[in-house]
Amino acid sequence: MSTDTTEKVLPYDDVVASFDPVLGLEVHVELGTATKMFCGCPTTFGAAPNTQVCPTCLGLPGSLPVVNKVGVESAIRIGLALNCSIAEWCRFARKNYFYPDMPKNFQTSQYDEPIAYDGYLDVDVETDEGVKTFRIGIERAHMEEDTGKTTHQGGATGRIHGADYSLVDYNRAGIPLIEIVTKPIEGTGKYAPEVARAYVTALRELLRGLGVSDVKMEQGSLRCDANVSLRRTPSDTFGTRTETKNVNSLRSIERAVRYEMTRQAAVLEDGGSITQETRHWHEDTGITTSGRSKEEAEDYRYFPEPDLVPIAPSREWVEELRTSLPENPAVRRARLQQVWGISDLDMQTVLNAGALDVVEDTVAAGADQAAARKWWLGELARVANERGVELADLPITPAQVAGVEALVSEGTLNDKLARQVIEGVLAGEGEPDAVVASRGLAVVSDDGPLLAAIDEALAAQPDVADKIRGGKVQAAGAIVGAVMKATRGQADAGRVRALLLERLGVSE
Amino acid sequence: MTGSTDLTRLTAAETASAVAAGEVSAAEVAAAHLDRIAAVDDRVHAFLHVDAEGALAAAKAVDAARSSGEQLSPLAGVPLALKDVLTQKGIPTTCGSRILEGWRPPYDATVTARLKDAGVVILGKTNMDEFAMGSSTEHSAYGATHNPWDLDRIPGGSGGGSAAAIAAFEAPLAIGTDTGGSIRQPAAVTGTVGVKPTYGAVSRFGLVALASSLDQAGPCARTVLDAALLHSVIAGHDPLDSTSLDQPVPDVVGAARRADVKGLRIGVVKELGGEGYQAGVRQRFDEAVALLADLGAEVVEVSAPHFPYALAAYYLILPSECSSNLAKFDGIRFGLRVGEDDGDPSVEQVMARTRAAGFGPEATRRIMLGTYALSAGYYDAYYGSAQKVRTLIQRDFAAAFEQADVLISPTAPTTAFKLGEKLDDPLAMYLNDVATIPANLAGIPGMSLPIGLAPEDGLPVGLQIMAPAMADDRLYNAGAALEGALLDRWGHPILEEAPAL
Amino acid sequence: MPDTPSITREDVAHLARLARIDLPPESLDHYAEQLGVILGSVAQVAEVAAEDVPATSHPMPLVNVFREDVVRPCLTNEEALSGAPSVESERFRVPRILDEE
């Protein structure tokens, strides 16, 4: 496999000065249906090996497939959301090749008759000239099935190479997949990596909005392959492309495209030529390596699946599904930006952080939009980043964040205490109220203890007390600080200041 | 029923009514057939597996149900031989192939489940050409079945085991499967009745696929009425088979009892006869046509100009689908695995060694033929063209059925040939199905029934009846009428002329 | 109509690789001859397969046969593995995999 782990790369600025990139992105989405595409086995993630299998998804002799209606509906809804045409008549086809994780040694897929074709998705990318919209053409979206999972045993690394043998679990085999393929993406120039990332981000947002998949890249329910080629100028024909597999985070997509551009450019600048091949992305080292070269071109011997009948969605059915689509993401973004009254830049920050859904939900749960953004883009973004998870996957709900914020606005918590409550919720200590109670975090609102603490602080710093009495109100901070320290942060600083000034008979 | 009656000589209808009336127990019927199998099957070799224990248990359950006053279904207590291409939970299912030796499926085929629900007593699994590829059962990995009429001759194929079991009185009923004639051609050469129902009438769930768009399971019996009774048990919509027809099953039993061809328009297919058909086959066929006319049928000649291309189209479509259907036999999830200890082989090598060792020559030929026909660059000329011929065949049938209610032809060009005669000449073997294949390509139903013995060799000749899709009842009506007239003429069932085993 | 195909030893070897059958080298010539004869005969389909004739993939004109998205009982792990030649840790055990997907 990787004989050339340290390939030459060209500096990125030089690449974009001399070459025009063309991209093609293939995204596989695992649908969130209750059962598999062609049988009634459940699709629950993480079940014990080979317990979610039946004769059909194990490919036992005599078994037959029957199409999951929700799988077809999801495919049509995805097609419609991507502005595609929906086929009036299409078939499944068998893609024939042998592989141990594929029970029938053919994949039931679609070939020249995809259920959805010819659409587009608009994505926004920040450029030197501000936010620019790129229209990504969608070639097709088609239905197929997932394979089983193979674990490699023995050898050094648990990888396929050097393993002594492998173990196969077919629980995943037959889970519905939708493959979404773009048309060649041209005209992105130096923004190619950002456009690739923005496309997958927007697609993920769209799929989540449709409720058809949990789109968790780390669990493999959304997977991306990136085709990259370079040419000297946009008027040239397409260069030879490579297909980089296993690009399974948003950040990796951007990095992998950028890396492939710099690697291919170095080869071309040296007078070499690009080999059409599969390449593997390595998250740790940030490079791609060559897949094993094929001795013969693949010959999948596609033919119409005789065990399944054609699908002919009536126009009434398609229109009914169209009415069930959620609001178009671009329209929704514009609407929320207007309702919240925030700038383009603020909105872009929310989008880049993937925080639109959680902020919207937090606002819906009663929080102020500014507070909601502050929490999700600040403290919570920091924690998510530390843990390497998406905001939505943090163990805190928008309703809980809104709950914390409500305690702040009613004066029960100050900012510092609120952060501790958030920390408690994230640590699994329960609802915000419960964390406040169990950690004893409420702001001290009784004036008695505060006055006692003020008197103590004034006695300890008589010179400061004199300065304040003499009209140097700004010196009050030192006393307030001492009181806050004495009450371990549980006092409302504003209230302490007011009481202090009253005590000394001074006004602001 | 008295002890002197040979229970194996009864029809299924007679057996069922005797069991229902309490004249004989289902257990006695099962035991009589198990005894018959023990007595003759070493020479016939119709069975690959006999499940004596299961059969007796099923029979006793029927007897218990009867004595507790339950209403028995019309075939309760009747023994049956199941072609080894249908799964039966826990019972070896080999499809006549080494690659499945010892495999016990963890589930029942829908046909199997319906038989069990109907109280039919499954005696065991019958021999067949490997994965139903052949017309002689010589391609079984477990040795050929012998024709009860002449043990040196083939019983037809692929369902030679099912047909021979019936002809040898080892069972009154059997299940066959028909992809290009595998129910009808064995019926013809063994003097029995076999029906390929309309495609989609009988569920394919649990039928190990040869060619998915052609395969159809159906009844084998000694009389048209018995076939109809079995047909009505196994047919009907199955949500586990996407190609299953969601329509009421035609009243085939009523049609078999009606047996009246007065005014029925019967079309003799010009292209299925004449040159290439044995003289005795032609003679008996012509006599049957005359008999049908005597019975009041209106006989017309129809032409199906594309039928001469049917065999070629079939031998492209079938291998193509089968090359893909048989890909799952790779030694990973079930069945044979070989070559694991020779060196340090990869899974790819073990799969290839397993498939080389597990598939016989005919399966290998057809897998490679199909692989070729589906390959990039050849698809349009071969598989694509074959699918167009399929359309033309369907159009020929549609035109013919405007002129006739049913179509007839000889079932097979010859009577049973000698074992070994065509074994290494694939094209000669393929010609046995020349008359039966068009019905599979079009999805329409077809029946074969015996019409006499060829004068030159004294072996059975079959007549094929074909009807439009979902008009299976027409087969039974016309078939039963002809059967009745022949019985009157002969004075006894044709199988009584077969030599004693 | 395509030219009468001639199938070589190498063609048979290639088909056997695609079909994953480890044919003994001494059988290749025999298969080449037989496949050549069969293909020569079946190639006649092209004689009548005119441009304007639609292809038929399914004998009955059914469309839209679906299943509701409702869970059905699975096999147990034991049943699933019951026919497997080799099993380890509730999984199907296979020799080392050479090819990548």
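All chains are identified by letter, namely A, B and C, in their written order; residue positions are counted from 1 within each chain.
One rule holds for everything that comes next: a residue touches a chain if its C-beta (ideal position, glycine included) is under 8 Å from a C-beta of that chain, and two chains touch if they have at least 3 such contacts.
On a predicted model such as this, the values are computed, not experimentally measured, just so you know.
The touch graph of the protein chains shown is complete.
A count of contacting C-beta pairs for B-C and for A-B identifies B-C as the more extensively joined pair.
In this view the innermost chain, defined by its CA centroid being closest to the centroid of all protein CA atoms, is C.
Work out the mean CA point of subunit A and of subunit C, and you get 39 Å between them. Averaged Cα coordinates give subunit B a centre that lies 24 Å from the centre of subunit C. Once the centre of each chain is set as its mean CA position, subunit A and subunit B turn out to be 56 Å apart. Contact with two or more other chains is made by residues 103, 105-107, 213, 239, 242-243, 323, 327, 330, 332-334, 347-348, 351, 371, 375 of subunit B. Annotation for subunit C: residues 18, 20, 57-58, 62, 65, 67, 75, 80, 83, 92, 94-97, 99 touch two or more other chains.
Those residues of subunit A in touch with two or more other chains are numbered 55, 58, 60, 66-67, 98, 100, 105, 166, 168, 170, 299, 301, 303, 306, 308-309.
Chain contact summary for the complex, subunit B toward subunit C: residues 103-107, 199-200, 213-214, 239, 242-243, 245, 306, 309, 312-313, 315-316, 323, 327, 330-337, 339-340, 344-353, 355-356, 359, 364-365, 367-369, 371-372, 375, 378, 381-382, 384-392, 394, 426-427, 441-443, 469. Taken in their complex, subunit A has these residues touching subunit C: 1, 33-35, 39-42, 48-55, 58, 60, 66-72, 89, 91, 98-101, 105, 147, 150-153, 160, 163-170, 278, 291-292, 296, 299, 301, 303-304, 306, 308-313. On the subunit A side of its complex with subunit B, the touching residues are 55, 58-67, 94, 96, 98, 100, 103-106, 166, 168, 170, 299, 301-303, 306-309. By the touch rule above, subunit B contacts subunit A in their complex via residues 86-87, 93, 95, 100, 103, 105-107, 109, 204-209, 211-213, 239-243, 320-321, 323-324, 327-330, 332-334, 347-348, 351, 371, 374-376, 379, 383.
Subunit C contributes residues 2, 7, 11-12, 15-16, 18-24, 31, 34-35, 37-39, 41-50, 53-60, 62, 65, 67, 75, 79-80, 82-86, 92, 94-99 to its touches with subunit B in the complex.
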